[in-house]
Structures are given as C-alpha cells and as structure tokens.
Amino acid sequence: MELGIIGLGKMGGNMAERLRRGGHTVVGYDRDPEVTDVGSVEELVERLSAPRAVWVMVPAGKPTADTVHRLGEVLQPGDLVVDGGNSHYVDDQRHGEELAAKGIGFVDCGVSGGVWGLENGYALMVGGDDDNVKRLMPIFETLKPEGEFGFVHSGKVGAGHFVKMVHNGIEYAMMQAFGEGYELIEASPLVTKVPETFLSWQEGTVIRSWLLDLLNRALANDPELDDLRGYANDSGEGRWTVQAAVEHAVPLPAISASLFARFASRQDDSPAMRVVAALRKQFGGHAVESVGDGDSPGADVNPPKV
Amino acid sequence: MELGIIGLGKMGGNMAERLRRGGHTVVGYDRDPEVTDVGSVEELVERLSAPRAVWVMVPAGKPTADTVHRLGEVLQPGDLVVDGGNSHYVDDQRHGEELAAKGIGFVDCGVSGGVWGLENGYALMVGGDDDNVKRLMPIFETLKPEGEFGFVHSGKVGAGHFVKMVHNGIEYAMMQAFGEGYELIEASPLVTKVPETFLSWQEGTVIRSWLLDLLNRALANDPELDDLRGYANDSGEGRWTVQAAVEHAVPLPAISASLFARFASRQDDSPAMRVVAALRKQFGGHAVESVGDGDSPGADVNPPKV
Amino acid sequence: MELGIIGLGKMGGNMAERLRRGGHTVVGYDRDPEVTDVGSVEELVERLSAPRAVWVMVPAGKPTADTVHRLGEVLQPGDLVVDGGNSHYVDDQRHGEELAAKGIGFVDCGVSGGVWGLENGYALMVGGDDDNVKRLMPIFETLKPEGEFGFVHSGKVGAGHFVKMVHNGIEYAMMQAFGEGYELIEASPLVTKVPETFLSWQEGTVIRSWLLDLLNRALANDPELDDLRGYANDSGEGRWTVQAAVEHAVPLPAISASLFARFASRQDDSPAMRVVAALRKQFGGHAVESVGDGDSPGADVNPPKV
Amino acid sequence: MELGIIGLGKMGGNMAERLRRGGHTVVGYDRDPEVTDVGSVEELVERLSAPRAVWVMVPAGKPTADTVHRLGEVLQPGDLVVDGGNSHYVDDQRHGEELAAKGIGFVDCGVSGGVWGLENGYALMVGGDDDNVKRLMPIFETLKPEGEFGFVHSGKVGAGHFVKMVHNGIEYAMMQAFGEGYELIEASPLVTKVPETFLSWQEGTVIRSWLLDLLNRALANDPELDDLRGYANDSGEGRWTVQAAVEHAVPLPAISASLFARFASRQDDSPAMRVVAALRKQFGGHAVESVGDGDSPGADVNPPKV
C-alpha cells in the first residue's frame, strides 16, 4: 500500500527501505535534503492519494507533537497518522483526540529492533481502533519479523506505547538482575572464572535469554568490563514506567530499584549519603555535641588480654 | 568410568540413567529398596574400585552433611566425593575440609535441568581443585548438554554452589520483573490484549528469554492466571544470595526486593503495615489524642460552592 | 490584619479561630450556611478592603483550582491569594501564573498541625515572592507555634507545598521503618516483651521521635495491634514525592519502598506474584512441560539411611 | 552492689564511673595498665565475693568470645556474666549455653547512650532469665536514665542484643529517609532555603525527632554539607538486621534499601552498573554487533522542520 513517512533517520530510513522491498509505495519526508523525497509535509500529503496513511518517526516530545499538529492541519478527514516513535502514552491520547476532532485517525506503535530490523524485522506493539489498525496491517505485516510473534495490537490508542514502555521497564530489572549477580560473583573469592560462568549459563539454565547472550558478547571483548565505567543513562521509558505504576498504585520494587540504581550511578557524590554521613558524625563526634552512640560501637576498642 | 551415586530420587535416578546410557558404570544407593543397587553405603563403597568417586544427590542440610560424614568414615585416601545437591556453599567448604583431613577429595556441583535433563543434559557449575575436577570430566561430559555451553568449573570448593545460588538469585529478579510488568499492564485500561502482548514479545524484543516462553505457556492455559493465588515460596537459594551479598557488602536492591515480595506474598496480614495503619489512626483519631495531621488531609473536606 | 478565608471545615475553621484570638479580622466563607460569615465569594471580597488577602483552605485538585480561578475573576490587582491546602506544587505554579497575569499575588503554604493546631499552632511551609510573604507575616506569626521553629519561607511559588510533600515522603519511610522493626521483633522467639521494648525506646535512644511516641500510644491500647488490619492508604503526597524524584533523577529507594508496601497492603492478591507462582509451577509441573528446575529442589527428596 | 567490669575504654570506663557515683563497688580490668584496677581476669574474680557478677564491655566477636570463655574457666557456679557490648544475638545464645553448662548465668545487654551516658544514663535492652536479670537490677537502675523509660527486659538470652540490633536497623532507615528527603529538596529549583526548611521542622511536624535535631546541628555548621563526602560505613548491626529478617522471612524493603545505599556509597565504581552499561553499549553499539534497540531511542534524531 501507499505510506508517507516523516523522519528518515536510522530507524525511519531503514523502515522505509524494508517497506519498499516489501512492495509498498513509500513517500518520505525529512528535513535533511539528502534523504527526503519531498520538500515539505504539504508536498508529502499531496503526493499521497486519499485516504492517506502517514507514519511519524521523529523524536518523542515536542518534535512529535509539532509533527502531529502539522499533520492535523494538512490532512483530510479519513486520513490516518501512526506515531512510531518513543512517545509517552499520555501524549498519544492527546494526539489521538486532537486528530479525532478533525476526523483523522491515529494509531501508536512501539517499535523494537534497532539496526538489524531492516533485515530481521521490527517487533511492533500497536494501540488504536480496530478499523485503523486493520487498514495498516499490510504495513505491519511487512515490518514485523517473519514467524508468528513480534506483532500485537494491544488495545486502545496509547496501548502500543504503554506496553513498549513496560517492556523497557522489565528490561531495566532484567539488566539490573544480571548486574547484581555479576557483582556478587565477582566479590566472592571462591569464584575464579567469572566470564566462563556466565558463558556456561547460555544453555540449560533458567536465566538463558537474549540479554545474557549480549552480556557474554561484552565479556568476550572485555572479560573484566574494565573499559567501562559503572555509569548508566536512562531513556525516559523507565521513568514513565515507575510513574505509571505510582499512578495505578502498582508496587514496582524491582523495576524502581533498577531505575534508582541508574540514577545513583550518575552521581559523583550522593547528597542523601552526605546526610547519613553527617548524622553518623554527629553521633560520635565532639563530646559536647554527642548525645548517643548511633550505630557506632558501644563497646570499648581496647580489649583485655585474656 | 565408575561412579557411585547416593540418592536415586527423580534427579539422582535420571542422572544415573543418563550416565549408564553414556557408557559409565554406576552403582546407586538409596534407602528405598525398590531403586537401590546396594544395601548400604558401605556396600556401595566396596563395589567400587579405588580410587573411587561418589556422587551425593540428597537434600541439602543435614541429609547431605550426614552422608558426607558417613563417606568420610568409609572411603579411603585418594577417593573423591561430589555434592550435586543444593547445598549452601558454606557447607561445601566445611565438607571439603572435613574430607581433606582424611585425604579424600571433594567437589561441589550445582545442577540445573529438571526432568528434561535425562534427555537434554544438565547445566553443571562446579567448584573444586583442578585435579579432582579433571578426574570427573568423563562424568560431567556425559551429564552436560551437547554443545559448547552448560558446563563450567567456576573456582574453588564452594564455587559451584555459589554460582548456582547466584543464578537462582538472578532468576528471582527476572521473575519479579515479568510479574511487575504484567501487573502494570493489567492495571492499564488502555491494554485489552494482555496475553497476546506477552506472546508477541517472544520475537524481536530485548526481553526475550526462556522465562518469557514459560510465562506464555502459563498464559496459554490460563489467560488471566485465575487458577493461581499470588503466593510464592522460596527455596533457600534466594535467601542465601541476599545473605551472601550482605556479607560481601554488595548492594542487591532488585534481587532482595524480589525475595521480600515472595515473603510478603505468603502473609495473610502484614504486621509492619499494622504499625503503619496504627500510626495513621493516631494522627487522625480522637481529638484529645491527635497532635498532628500525618499524611491525612490538612484541608477541609467541605469545599465552597464557587 | 484583615484576612478572608474560604473553607471553614475542621482545619479552616480552627485557623480562623486562632487568627481571631490573635487579634486579626477574619471574614470566612463556606458553602455550609451554618458556619459561613458571608453568602458568596463575591460578598467576601466586598467585605475586605484592598489590598486584600484571601486564604484558600479547600481540598486539593479541582476544588482548589475552581476557587483560585473564581478569585481571579473577583479580586483586583494588588490582592493576594494563599493556598493553604494540600495542593500539588505543580498546580501552585499554574495558579500563580494564572493570578500573576491579572496582577494578583499568590503564595502557597503547606500546613501541619491537625486538631491541636488551634491551641499549639501550625507548622507552616511557605512558597512565594518575598513581598507577598512579607505582607502575610502577621498571619503566619499568629498561626505558627510559639518558639523559634515551625515556620519557613522555603522558596518560590510551589516551594511550600513541595517541602510539605517531601516532609510526608520522609514520614512514610519513618513509619515503614518502625513497621519493619516491629515485624522483625515480633518474629523472633527470643523477644517476649514487644510493647515494653518500644516503650523503653522513648528515652536515650537514637530513634526517639514523635512517631515512636504515637506508636507507643497505639500499643498501649492494643498491645498486639490485633484490632487493626495491615492495610494502609496513601494520601497522594507520597506518590507525588516518588514522581518528583523520578523527574529529578533522585534515587529514593526507602521512600518508594514504603509507598509500594502501602500499595501491596491493599491488594487481596498480587498479580505480580501470580506470575511468579505461574513460573514456578511451569518449572516443576507436568513432565512434558518442564524443561528446567527453576528454584525448586534439584536434589532428591528421599535421603538415604546413613 | 559489687560488679566486675572487663573493658574500661570510653564506654566501659564511663559506665564504671556512673556506677561508682551510684554507690556500687566496681572492680575494673583492662589490658591498659593505666586504667585497670587489677592485673588479670583471675585477680578480678578473686577480688569479688561470690556470687559474682562480671560485666563484659569489649568489642564484639572474638574479643568478647575469648573473654566469656575465660570467665567460664575462672568463675564459679552461681556467678553471672553480662555482655554489654555489641554482640550478635546468635553469639549470646552460644555464650549462654557455654556458661550454663558450668552453672554460670548469662545476661546480654544492648547499650545506647554514647559519651553523654555518664551524665544522662544509658538506654538498656536486656535479655536473660528473670532471676539473673533481677539480680542485676540495682546495676541497671543506676545505669539507665532517670524517668520511666530507657530500660527493658525484652526476653530470653539474646533478646537484648536482638532488639538493640533492630533499633539500629530502624535507625538506618530513618537516616536514609532524611537523606532522601534532603536530596530531593536540594534538587528542586523551587526551594532556595534548604537548611531553614529542615530547621523549621523541629516543631509541629510529624517527623520531629532526635535525628532531625542532629541533622539540624550538622546543617548549622555546614549548611550545604560541603565538608563531607557521601560515604557511609555500616557497623554490622544493619547487616545482621537484614540477615535476621531473611532468616525469619520478614520483608524489610526500607531497611535493606538503606543498608544497600551505604554499601553503594563506598564504591568508586559499581560492577553491577558496569554490566548495565555494557548491555546498553551492546544494544546501540557497532552495527555488526547490535541486534536490538534496548532502551535507546527507536526514533530518528533528525526531526523534520514542520
């Protein structure tokens, strides 16, 4: 079928290519003149025949909001917009309502797959009305991996980005799990073969997984992970996961612990722990100021010879 | 080679069978007369030619300790004991020393694989001296899965059970991660296709894993997990993992959160939360007793008509 | 000085009374005709001489937003609005901007003190411009407790409710700390005098605090806390604290754990733990389905007689 | 009454002094010849009339165990030993049994109070048989603070140190609560008066406490806590608290989070976070190695001009 794509970066460009290989007619717009097919969003819309479908593949937040708003101005009733970026599901709901008021459909699509997606397909998590999703199925069928998995229509508008967000939250805790396990094994004087241990786990264990494979790839190149600092950014989706959980009163101890560990990893010095240190100093400090023993030793440090 | 096995239950029996199929000579002892090959541990020792190797496959704790102690009495210098059960690594170190004092070798082996191990092989994590491990390699080669993974000699005596313990700790947090993600997705009114979403994740995602496959198998039978209560036991290895981390001053927030979630799942009522409830009641209770607003509303509950 | 108060419930009514006792002229409006001084917000505004100050003491959220908006319509440039309710600091910022556009000042004030505030004074945490706060100082001086503590001008508009919110977050973790300690002590067979232990801690310990006093008051009435269920609501401020921390990338493990413990306390059954239970069942279940041992015993359950 | 004290360091020396001022006859032994009253433990025993009571105030672990063992050799049936140090409750039980086998009584006593204890008294938490505790009441009455609080006989041998240990666990979480609140307040651009805010909380709030007073003392000297690093040791009792909780299957999320935050504060670099960083690098790294998008952006970084 015919599809407009706005945003032809690494992801959008590859998706356009996979769709063309799959026999679809793709008109792409990007502000980079070297990769764009058309000179403007208006021209993109003119090049498509109604009812149109336009896939938005630009950064989440203002760029996506601006693009959706612009499409609302230039598309016609019966047209359809897909947000394939990493938008917050709350934004989807607003965008869906904004476009619905103009008779334009909206579908959100969480996309996983990275640079290998061009060859292997992209995992797609979709939210929207049945009719709109159905119209886009030829596109989804081409983008998704072969086989029975890798595509789901999870629910209403916002559901696609919601489940992609939770996917990333789960991912945070799984990564943290491997990190904690690695650190504990490394701390034990009993264990002398750390990378070999992780490598052996790829077969026959309960924790075998793609993330374990990735960790083993990393350990193969850098057996003690010496080339890296213990510093981890977060992408926003982990934060949204915790905030959504708080909103829905869902306990999320392991995922939030994983997010907080990343926050802490980026601190040179923890203000919270400066407070703890200050309190400990108060306990044991100058005699005139100290009125308790805190968690400092209550007993003598001068044991008898017995 | 020749191997004695003590404990011919589901695991030990299958391992004996896999070893026999692999051409080894196995003499098994079990207190169940229907499955045992010999009438006593002494007889088992007599039936093996020196230097002997005896695999202990009985429950962790006292049964294993008693068995190791008994073997120390009946084996000879140069013989070798393998503990293939779920022992605590601290016990291994004690058992190793006890046997070493008599010139008997000791190897600990964490085993993963369950009922499919007979056909597919068992993942093996081994601790002990190089010489002792080398002597047992024909046995390990037969027990392990085909292919390059599934066996590791991780380090000294205790290292095998230590890394198996950490494997299970990682497993706890991975299970908790899927649980938390499931609960959050289920709480969202946006998502109407929960099992379908998890199923789709089997391909092309970051979190694809054997545990996800198992979860999908469970959801296929019981799409809303209605047949189950949210009640989870723990096997001991999760506890040991947290205790080892505390001993080594390793932060383990996600794994410990997973363990605590299991503890909480088994409580009819939480004494800790009774304290929180009691404190909240004190805030807002009878006027003469209440001297603060706690986290109860400080504002009127009677808003004006405006 | 002269002050209008909107909302004469338990908190607002007592604050009006304390202000009158302190020599201020208070005009109160409430939709309850039995307690109101005037028939409408308009009448309240008419009764005050410019430049006016109006204290809003109604529930957070829509009631406060509606009241602030209404005041924006009827007040004049140079007038001043105080939000003394439990508003989210984000709402304060919006309300401040809305009123500023009309030349009306805005101050937010977090209030602690409950029913004893009338006699003992209210702890006040204030956000707003210096000029506006200065104008209100006669009011704050009368409302606050005697002595040097209990009042702070913490910063810009929103700062008052922000620090009150964090105060409540700290409170959550302190309550959880006592809850966890209580539960652990109760679990030990060594300790036979639980309430006596907590009572003794009121003097000479590091953890002596008003919350400990409250807990002892609760234990005096109900030594085993048998009259209560381990069920704890949350007021919103704990949730906002965690969400603000996530926004600011501040690790908040203890406070978030306390919030999640409250969420969990209100669940009949945990969906997350149903997932964990389902996975554990998959490990050890029917032979044809089981391909690993999970955290279930890998060793025999039939130990030998030795 | 008559009491022997072994260990005359800062704590033991002050306690001896307070007891003498209270009219008791104290014979002290310390290996420091400048402070000791007697030349050996044997001489100390000789100087006391039967039935004797000897208070052990030496460091926990081996020094205490050695001292208790030595006393078992030189005391007589009917004598009584008190361990007033920071021993693990598990050691108490062993020591109690060791002495009971010789007809010697044993009482454990957790002591709080630090350098001000000499003047203000020590909070005492005691475990042991009623008879033994009763015999020591004159000593406890003199050591404890005046007033009705500050002393408790919590239960059997070990109970004193158990509840002191939990006291310290609660303390960890309370300190962490203040630390987290401080860090969040400091992160907010709204709040410009941080120390002033904490100071104001000393009156009229729910979180008023001795620890808050200490924090305000620290902030008075160092308003931004600039002189300190966010580095916090732990004394052992926090670790024991978590380990006891794991043993008793008690969920301890806030206290364990507080302990782990201390562990993390002492790391230059977190091995766990190196694993997370390594995994993130694998996601987005060199094209040939990358097979997924992980939590990295799935959308273009080159938004269109719209």
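General observations
To keep things simple, chains are lettered A, B, C and D as they appear, and every chain counts its residues starting from 1.
Just so we're on the same page, a contact is a pair of C-beta atoms (placed from the backbone, for glycine too) under 8 Å apart; a residue touches a chain by one contact, two chains touch by 3 or more.
Please read these numbers as outputs of a predicted model, since none were measured by experiment.
Chain centres computed from CA atoms place D at the largest separation from chain A.
Spacing of chain A relative to chain B, judged by their CA centroids, is 30 angstrom. Put simply, the C-alpha centre of chain B and that of chain C have 42 angstrom between them.
Counting only residues that touch two or more partner chains, chain A has 112-113, 120, 168, 171-172, 176, 178, 180, 183, 187, 204-206, 210-211, 234, 249-253, 257, 260-261, 264, 270, 272, 283, 292-295. Interchain contacts join each chain to each other chain, per the touch definition above. Taken in their complex, chain B has these residues touching chain A: 89, 112-113, 117, 120-123, 125, 127, 144-145, 147-159, 162-163, 166-174, 176-178, 180-181, 183-185, 187-193, 196-197, 199-212, 241, 244-245, 248-255, 257-258, 260-261.
Chain A makes touch with chain D in their complex at residues 6-13, 29-32, 41, 57-60, 63-64, 66-67, 70, 84-86, 110-116, 120, 168, 171-172, 175-176, 178-180, 182-183, 186-187, 210-211, 214-215, 217-219, 222, 225, 228-235, 237-238, 253, 257, 261-262, 264-265, 267, 269-284, 287, 289-306. If you check the complex, the residues on chain D that touch chain B are 204-206, 234, 239, 242-243, 246-247, 249-253, 256-257, 259-261, 263-264, 266, 270, 272, 283, 292-295.
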